[in-house]
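Report on one structure; see the data block that follows.
Chains here go by letter, A, B, C and D, matching the order in which they are written, and residues are numbered from 1 within each.
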Amino acid sequence: MPGLEDLYREIILDHYKNPRNRGTLEPPAVRSEGHNPLCGDEIEVFLIVNNDIVEDIKIAGQGCSISQSSASMMSAAVKGKPVEQARALISRFKHMMSIDEEGEPDTSTPLGDLEALQGVVKFPVRIKCAVLSWNTLSEALDIAAE
Amino acid sequence: MPGLEDLYREIILDHYKNPRNRGTLEPPAVRSEGHNPLCGDEIEVFLIVNNDIVEDIKIAGQGCSISQSSASMMSAAVKGKPVEQARALISRFKHMMSIDEEGEPDTSTPLGDLEALQGVVKFPVRIKCAVLSWNTLSEALDIAAE
Amino acid sequence: MSIDVQRIRADFPVLAKLINGQPLVYLDSANSSQKPNAVIDAMTTFLQHDYSPTNRSAYTMAAHATDLYEGARANVARFINAPRAEEVVFTKNATEALNLVARSWGTANLGEGDAIVLTHMEHHANIVPWQMLAAEKGFSIRWVPLTSDGLLDLSNINQLLAGARAFSFTAMSNVLGTINPVKELCALAHQHGAIAIVDGCQSVPHMPTDVQDWDADFVAFSSHKMVGPSGIGVLWGRESLLDAMPPFLGGGNMISDVKLDGFTCAELPAKFEAGTQPITEAVGLSAAVDYLSALGMHNVRAHERDIATYAINALTDAFGDDIVIHGSRDIEKRGATISFAYRDVHPHDVSQVLDQHNVCVRAGHHCAKPLMRLLGANATVRASFYLYNTNEEVDALVSALAEAGDFFTL
Amino acid sequence: MSIDVQRIRADFPVLAKLINGQPLVYLDSANSSQKPNAVIDAMTTFLQHDYSPTNRSAYTMAAHATDLYEGARANVARFINAPRAEEVVFTKNATEALNLVARSWGTANLGEGDAIVLTHMEHHANIVPWQMLAAEKGFSIRWVPLTSDGLLDLSNINQLLAGARAFSFTAMSNVLGTINPVKELCALAHQHGAIAIVDGCQSVPHMPTDVQDWDADFVAFSSHKMVGPSGIGVLWGRESLLDAMPPFLGGGNMISDVKLDGFTCAELPAKFEAGTQPITEAVGLSAAVDYLSALGMHNVRAHERDIATYAINALTDAFGDDIVIHGSRDIEKRGATISFAYRDVHPHDVSQVLDQHNVCVRAGHHCAKPLMRLLGANATVRASFYLYNTNEEVDALVSALAEAGDFFTL
């Protein structure tokens, strides 16, 4: 049985306690919302996309250490990056979480801190926590593209 | 295990092959209809009640030897009898079939041939067959009393 | 290649049962099948060691039970070649599955002036839900008639389907044994812009199923007829249709959020699985699917083709004109479910005499009263054979039937 | 008199399970309970020797299975003191039972301008079916609020019930453990001409039930929470109401006759039992009822009163202000289901640490999101105790919690 240290790496607890990009944005920022029906976690992603660049991102909502730290790391990773790169990262992250995405992941964008979430795969129940914010970001990007 | 002879007494087979009071009656005779959802048996009872006497009764429908012979014996037993006596017989017959009827049966009306159906009790699945026409008669008496 | 029936029989503990020293002859599998040790043991082991609620709690045992439950879904999807596991919805039985389609798809898609098409050989489960909805919504029901040998009479099918929204039909008759041309019927439905709903209750247990090859829109079937446990059934549906449908039952698990003024639905398949699911039953169904897959459904069908042939010949040889076997004699067009009338002995009486010899058949209307009316009977005797039945059991049926004949012509 | 927990534990094979050499501490029974050998064996034996369809075929084995199935019904009726066995309808779970009432009674009795009353502590199963129907029919839903200690706030109950057609409430909260005054609530409903619908999911497994003493109109509960199998639930209803209701699901068994132009319903209880029923599950439920009856439900309640007291004290002693236990501290007003917040550690993280010690609790919204919003949380940790839980298991919970505290404040 994998131990708690495999799941709760220090960097994860750091992002949990000191979440990056926490807050909300006013329109014209787009907003999308995700739920984890299993544990009740809720996440809101606010996004400003300009010229295909993620100009700003804010995260609101409540959740467990895994969902919150994942969201925090995600926000740090995509902020200021081209939309295309953000999408590639979503796909890469889901691959890391063993979630069926077709094809091979685009590894051109480094995972950085996100690597620490790799241990989540050993705790299948928590994968949904880790992925929640990423699905919500994906939706927000769709809305922004409309 | 009880044998077939316990169920299919000769008198039963006789009534099955030579059913009494077979046919239909035109209004003002009342009519009621019963189904055995288990086996698909259908029975129709036609009834003329005058001055609280069952003046005439006819039986139509299709069914197995038990339901048909029971109907035939029933028709013979109640024809020409006071309604009250018919009702007492219904109650007595149901008692014989081990069907919960409150109180003690009124044994003033003799069962006659109907006694032969006693063996049905050992074949619980067939009780519904035996009782079908009696429930239908009971309904017809209710309609006639309206 | 055929299957080794004696080995199969050893897998089914009930078949070793002796009643008054005589073996059980179970010929009622179209009603509900018996269960092999593989299924019973899977359920027992789960209950003894691994039982836990699914899709709710997060501890390891709950995660494991969830994996088994979702694994059952994936296994069923594979068994019927569904494109996606999420399209497989667990219900309590096929009846609930058909009610779900009627109520949920029907409410959203059927109204006054609309029509749907059923057939004269449908089971009540594929009639009554539509009648209930029709009484509310005012659409009409059209009926595909039958030929004299118990096949669908498709001579007017284009007229019947013209303007219809749905065509719902059984893949195999539970009374006549008729195997319908499902793929062709789905194509006909689609040509007329109708969706195709397949009642797979009698076909899925007895032959290979490929919902994609059929190009069906919905397929319903029950675990208990395919060597699986009672208490669980399956609705497979095309994702785009399921996604667009309103929910059916409301409660836990099927929601994404609930507020005082309303709720939002969960994604598929949770959307259609309200409340605590038949967890142990899903584990058992998964074992049943494994059991059948290991045998190979082509082999099951081959065995049933053989035994149906043997049975029809044996009954005809023994009783000639005294027996009327309903439905088709063409073995390619029928399964091993054989309904018949025997002299003028009432089916219930036939079944009673057979029961004295532990020969278990069903006597009745088989939940297909409209078909019964067509046959001009209010009941038939039905002997239905499955993968564990033998020619010797056919012989037992024949000799018990002979006794019934003797008895009722004293 | 209390019950002998060690003897009871020996009846539940899963409780002997060791994970990494450590015992399982199962504190999730409010979600779903474990099963004793008596239940597992009853099901296994039935599947090995006696399985047969019920209420359809007429051979001896089918008659025997029917007797067992109908015997289960009578047994359940006795367990809740129902006046008549026919008033007990088997469903797939409590959720279906509540949907049945909402859809069938509700469709016939609720329309524009009508109102029903629910409470803020309801499970989604007693909210969503009403919201679905309300969206169709246009009636309104009124809500009984809660006091700060998690009891129903009845100060405005007469206003809320004025003109209402139904009052549907849980007998015990699955989050707070609150035991509601069911008898009083039924009387209040009746005073206002409303029917009283009781969600008995959390009370029936844990204390004596007397539907006649309650004077309720409907009571719903699930087998899987009362040491019985998954895949079966119960709706008890007053005969006069059930009789007057339209059917719910359509299909086999629930009909008296079916013609092309319509159908007629069967009598109770068949009218509400469409299709092949959870037969093996009914046999298991019956064994569960026997098991609980032999222990005595008063004794079960007494044991849970004791363990809840011990647990609340132990948690408070160990963690003081670091733990917030939701709901009432009055042991006469609560069961052994204990939801809490622990420091600022998220429930999901708490549950993860507990899981490392095989302590199984539920972390989440417990299918009661409206209540969660009142509590100002999107999740709680819930430890729920049952007849097989011990004080030592409470101690295991406490020490695992302490570790969670350490871990998250490195």
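We adopt the following convention: a contact is a pair of C-beta atoms (placed from the backbone, for glycine too) under 8 Å apart; a residue touches a chain by one contact, two chains touch by 3 or more.
In this text the structure is predicted, and so the values were computed from the model without any measurement.
Placing every chain at the mean of its C-alpha atoms, the farthest one from subunit C is found to be A.
The chain pair with more C-beta contacts between its two chains, of B-D and B-C, is B-C. Note: centroid distance subunit A to subunit C, computed from Cα atoms, is 45 Å. Averaged Cα coordinates give subunit C a centre that lies 31 Å from the centre of subunit D.
Distance between chain centres (mean CA atoms), subunit B to subunit C: 37 Å. Looking at subunit B, one finds that residues 1, 38-39, 126 touch two or more other chains. Each of residues 19, 56, 58, 60, 62, 253, 255, 257, 348, 352, 363-364, 369 in subunit C touches at least two other chains. If each chain is drawn as a node and touching chains are joined, the picture fits none of the line, ring, star or complete shapes. By the document's touch criterion, interfaces exist between A-C, A-D, B-C, B-D, C-D. Here subunit D touches subunit B in the complex through residues 55-56, 58, 60, 62-63, 66-67, 253, 255-257, 266, 270, going by the rule given at the top. By the touch rule above, subunit B contacts subunit D in their complex via residues 1, 35, 37-39, 124-126. Within the complex formed with subunit D, the residues of subunit C that make contact are 13-14, 17, 19, 24, 28, 31-32, 34-35, 39-40, 43-44, 47-53, 56-62, 91-96, 98-99, 102, 123-125, 127-132, 135, 141, 143, 222, 224, 229-233, 247, 249-255, 257-260, 262-263, 274-281, 348, 351-352, 354-355, 358-364, 367, 369-370, 373. On the side of subunit A, the complex with subunit D involves touching residues 1, 3-4, 7-8, 10, 13, 38-42, 62-68, 123, 126, 129. Remark: subunit C residues 19-20, 346-349, 352-353, 356, 363-365, 369, 372, 378-379, 407-408, 410 touch subunit B in the complex.
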